[in-house]
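These notes are about the structure you will find just below.
Which chain is which? They are A, B, C and D, in the order written, and residues in each are numbered from 1.
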Amino acid sequence: MYSFKNDYSEGAHPRILQALVDTNFEQEAGYGKDRFTLKAGELLKEKMGRKDVDVHLLVGGTQTNLTVISAFLRPHEAAIAAKSGHIFTHETGAIEATGHKILSIETDDGKLTPVLIKKVLDEHTDEHMVKPKLVYISNSTEIGSIYVYKELKDLSEFCRKNSLLLFMDGARLGSALCSEESDLKLSDLPELVDAFYIGGTKNGALFGEALVICRELLKEDFRYHIKQKGALLAKGRLLGIQFVELFRDNLFFDLALHANKMAGILREQLTKGNFQFLTHSASNQLFPILPDKLIEELQKKYDFLIWEKMDGNDSAIRLVTSWATKEDEVLAFIEDIKKCLS
Amino acid sequence: MYSFKNDYSEGAHPRILQALVDTNFEQEAGYGKDRFTLKAGELLKEKMGRKDVDVHLLVGGTQTNLTVISAFLRPHEAAIAAKSGHIFTHETGAIEATGHKILSIETDDGKLTPVLIKKVLDEHTDEHMVKPKLVYISNSTEIGSIYVYKELKDLSEFCRKNSLLLFMDGARLGSALCSEESDLKLSDLPELVDAFYIGGTKNGALFGEALVICRELLKEDFRYHIKQKGALLAKGRLLGIQFVELFRDNLFFDLALHANKMAGILREQLTKGNFQFLTHSASNQLFPILPDKLIEELQKKYDFLIWEKMDGNDSAIRLVTSWATKEDEVLAFIEDIKKCLS
Amino acid sequence: MYSFKNDYSEGAHPRILQALVDTNFEQEAGYGKDRFTLKAGELLKEKMGRKDVDVHLLVGGTQTNLTVISAFLRPHEAAIAAKSGHIFTHETGAIEATGHKILSIETDDGKLTPVLIKKVLDEHTDEHMVKPKLVYISNSTEIGSIYVYKELKDLSEFCRKNSLLLFMDGARLGSALCSEESDLKLSDLPELVDAFYIGGTKNGALFGEALVICRELLKEDFRYHIKQKGALLAKGRLLGIQFVELFRDNLFFDLALHANKMAGILREQLTKGNFQFLTHSASNQLFPILPDKLIEELQKKYDFLIWEKMDGNDSAIRLVTSWATKEDEVLAFIEDIKKCLS
Amino acid sequence: MYSFKNDYSEGAHPRILQALVDTNFEQEAGYGKDRFTLKAGELLKEKMGRKDVDVHLLVGGTQTNLTVISAFLRPHEAAIAAKSGHIFTHETGAIEATGHKILSIETDDGKLTPVLIKKVLDEHTDEHMVKPKLVYISNSTEIGSIYVYKELKDLSEFCRKNSLLLFMDGARLGSALCSEESDLKLSDLPELVDAFYIGGTKNGALFGEALVICRELLKEDFRYHIKQKGALLAKGRLLGIQFVELFRDNLFFDLALHANKMAGILREQLTKGNFQFLTHSASNQLFPILPDKLIEELQKKYDFLIWEKMDGNDSAIRLVTSWATKEDEVLAFIEDIKKCLS
């Protein structure tokens, strides 16, 4: 049974584990004050070409989302998110648990635009309603789409004009930035968003998200918020070591490129097989629509999510590739489809 | 510079790292539904001789404390803790951030007793005050003391009689249970407390606390709370693998015994040197009172906390040993004290 | 300028003021422990034919909604509400501020049904999502519709089968129960819902909502929640006196009947004038669709909300009648429409 | 049975009721946008000689405290209060329920000083602890003491130097300002504190606290917070009318003077009788220490709180006077004491 279920099925890239082993007995300060965390911050700032951002390393995505949003908003302020946004549907009300409403927007492709956000702003006119204040986007989105430079630039300008904070969930930022269709660079982000994070968990690390805070005003006291939310790792070194390893050369991007390449093979072959896709994806998540009978056959050898029942006898499934996905298995999967259909 | 500053200065016991390496490429389900986490739960239940408890693996102590307390209490209910309790002073208001007051009690030794708690109950008589509902204790405490069986039994009975939940923070449970002065066994705990956790972070793991919920009523839906607080690790396997390694034989206890042994050498030698201690500690944290001049000398070669300025020219310092503490360094520290004083 | 803008434009029915004057110098216990509040509770229980419910008097609607919902739910549990529900759009995120997500449902008529709720339940399947637990309905709804017995009975049965709490916002319960189309009686409610409130603010009182808790399990410690939310009025007598006055005879219902009668005249005459309505309303809120030109004319003499721009040159407006609405003004309003159109 | 139990045993000053009757049928905008609320704000600004403050009228004290503190603080920030402070002990954790810790200070007289606060600041040094941000004081305090100009000035300067907000709970501000020992004027307050409120509930109104926000930064969006906390009264006119009546001439101060005068008679006579007091009070709350036997006798005719058991056979009781306290009853009380003792 091979799994295309998600991008966190395996452990970590061997270099990460090796780095943990190599540094294991060095005594270091706790809570992210160690030299590895410091070094990781420096490396990331270099990669972004920006010295004036703050970098914090946290363990996971939901944790980062809730720490950021609760730190940035005042009690009456709300976040805006696509209905498919992770914070809206898949975090057990984590944001609301910190006191904030999420205003959701129905979208086709999981992406927000100035037009869509404008409508929400227009509906929120006085103190009987929450005040929209932060725009949450994911890149890549939960359904595989990505933001290109122009789209993000437009969003950024709109947000600034309307005093909205722009926050990017980058749990799958590697795959997004390394997508063939992307013209965004890591170094563009501090210009365009107020905060974002670089997902390690789904791109080669054991765990870890590198939060980058770009706007001066949002930096103050941020470590208090991390601690309060239970997100300050005692052995912060573990996060530091991993991000140093990912960014001391090109490892982070290489891993994302591999994930995308594997998805690319799947996409190409499925397209050749005349299968439709539920959404246009240029990243490591694909949502092909397959006949239910074929799906049943594939489930005998492969693990994946059934995403949505379509009309008739078809369903969309989700296939996720990662840094660890084996090309052999991808090819075998394609062969198995061909066999089933022949 | 050798550090006695805390018990999370190093990485993990080599067996833990090896286990991570060995299992790295196995594909596993996410979010704690992997076979390692399952296995860890089974091992722990065996060690406790109880099948009817629930085990959840979380990343850190503050995270576990806030998830547990917010899950167990209704909005108007409060926790009771010693003033020295971690949740009261060193978690940046994490519990209050989930909406609950902590009623603090001044103690000499960091431990709560029925008499101390009774006083708090007597002061809280009606709906203009919070309703005390959960008693939080640490074992070992933040100042090194431990609970013996009789003390915990008394506390347990008092809590049940008064409809109070009893929750034990076991960030340093290993050291407590393996203390020479302790007659408590891991298997006693499910009888005596409603929930507790077994700290891995400070006893050989990279990170990880094994929460044990003993009371039926408190088990329901607990995974929802973990997820909501950002505490559900995507690669939950990492926690599972570590706890399997710690508990598949006696490793967890062996490591705690080592920490205690190192502390024992320090205690014995300092006592011989006629130094006083701020608190009586039978665990891996010692609080000797040293002349400020001696402290200054020691700081040149050793890292440790200055805990409290005493009258005159003395201060109490905190020395912490761990699974990783080297006996050579302990002996060198003692020698250096002797040298300074001679 | 006469206002049909809402049902809280005037003070209180003169009998209420007189009762306040008459009792003004009697010394009474504070915080709802006075004899008037006690008496009001007894009167309400009599009217409902139920001794086993708990009655609490609170100042306002948002206050009652947030106190109830935060008291009834555990942290991971969510409320379900119509998108038009007051808690979802017009309370500045008051419910979310207590930590709970509201799952909203698009409806035509502002009313929830088992079918609509079932869909939400089906979408919430595991701990990565909130757990739907409480169904919030308004009667009458924010757009004037009402629940008849059969509808509420079905909802009630569905909720019980699915372990959902059913909570009715009765800010306009008087008008709903006294509607010509209603076959519901006040005494039916304790059977059918787990908690509800009887709105005084919009039906003759200066302020005040009488919350009725029908389910045993929800009663415990409720006064703690009231106090914690800042909703325990020091001079609770003021609430008691008002509800005694409203319910010592038929005043509450008489006032609602008057409001409905005034709305009835408007409805009848507008229907005769061949105007359409945005929603079917059998209560004291009407949403007729009028030509924008006519609206402009009417605005010179009357105050009301423009609810929604329709296609073309029409808009729906909201007309609200109350216990204080003068028949003369209603007739004048109708005459003015006729004049404008002639 | 005559009650000295508190200052909210009666309704309102007759002029207040009359004003409600006189304006009852005027149609007004809801939610504090009515002309009376506007007028009340203007009157208060005049009395303070300050046009640049914001005035909001809320229903009660706990409500005001929780709305203010949750609006002013970021999630990791804490309030500082005397242990006897209302928010610390008598609001059922209302502040904590909004997510904030209260750092309490033991005091003799219920008052905070720079020295006392400095100690708390010194203990809070890093992100593992909450960040003290707001100083909460009551004037008069919960045990009857008052702040004189110099004390408040010192506190004010200290707070500004240390970036602390200073917030005064003025539930009994009338009595404090009108105390013989007070040299503070209402018009001093906007200079000295960042926000405060003027208590109506305990000084002649049915209910109502006039919150004054003095610092520009704290004013933004405050109505959102009021609404979110369920504190925006639908018929806001009721608050407006009452505060207009209290401040259109000197009524507010006259009522406070009467309360103080009544307390003065009690104080003078009890002092003459050689009774000690638990605290020095210059306001409308007295805490005389009486023999338990005498207390038992008095309880047959008078209602009051037994505050604290003293050593031996004495207890401190609390006597509260108000605008409504009758001089005859005060004299009778004194006579009854004399009779008992003779």
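We adopt the following convention: contacts are C-beta pairs under 8 Å (C-beta built on N, C-alpha and C of every residue); 3 or more make two chains touch, one makes a residue touch a chain.
All values reported here derive from a predicted model rather than from experimental measurement.
Participant: Based on the averaged CA atom positions, which chain is farthest from chain B?
Facilitator: Taking each chain's C-alpha mean as its centre, the farthest from chain B is C.
Participant: Could you tell me which pair, C-D or B-C, is linked by more C-beta pairs in contact?
Facilitator: C-D
Participant: Please tell me the distance, in whole Å, between the geometric centres of chain B and chain C computed from their C-alpha atoms.
Facilitator: Averaging C-alpha atoms per chain gives centres 51 Å apart.
Participant: List the centre-to-centre spacing of chain C and chain D in whole Å, with centres computed as mean CA coordinates.
Facilitator: That pair's centroid distance is 34 Å.
Participant: On chain A, where are the residues touching two or more other chains?
Facilitator: Within chain A, the residues that touch at least two other chains are 75-76, 91-93, 97-99, 127-128, 130, 224, 227-228, 232.
Participant: Per the contact definition, I'd like the list of chain B residues that touch chain A in the complex.
Facilitator: 2-3, 5-6, 8-12, 14, 17, 20-21, 23-30, 59-67, 91-94, 97-98, 201-202, 206-207, 224, 227-235, 237-238, 303, 324
Participant: What does chain C use to touch chain A in their complex?
Facilitator: Per the stated touch rule, the residues are 75-76, 78, 89-93, 96-102, 127-130.
Participant: Would you tell me which residues of chain D are touching chain A in their complex?
Facilitator: Per the stated touch rule, the residues are 31, 70-71, 74-76, 98-99, 127-128, 130-131, 221, 223-228, 232.
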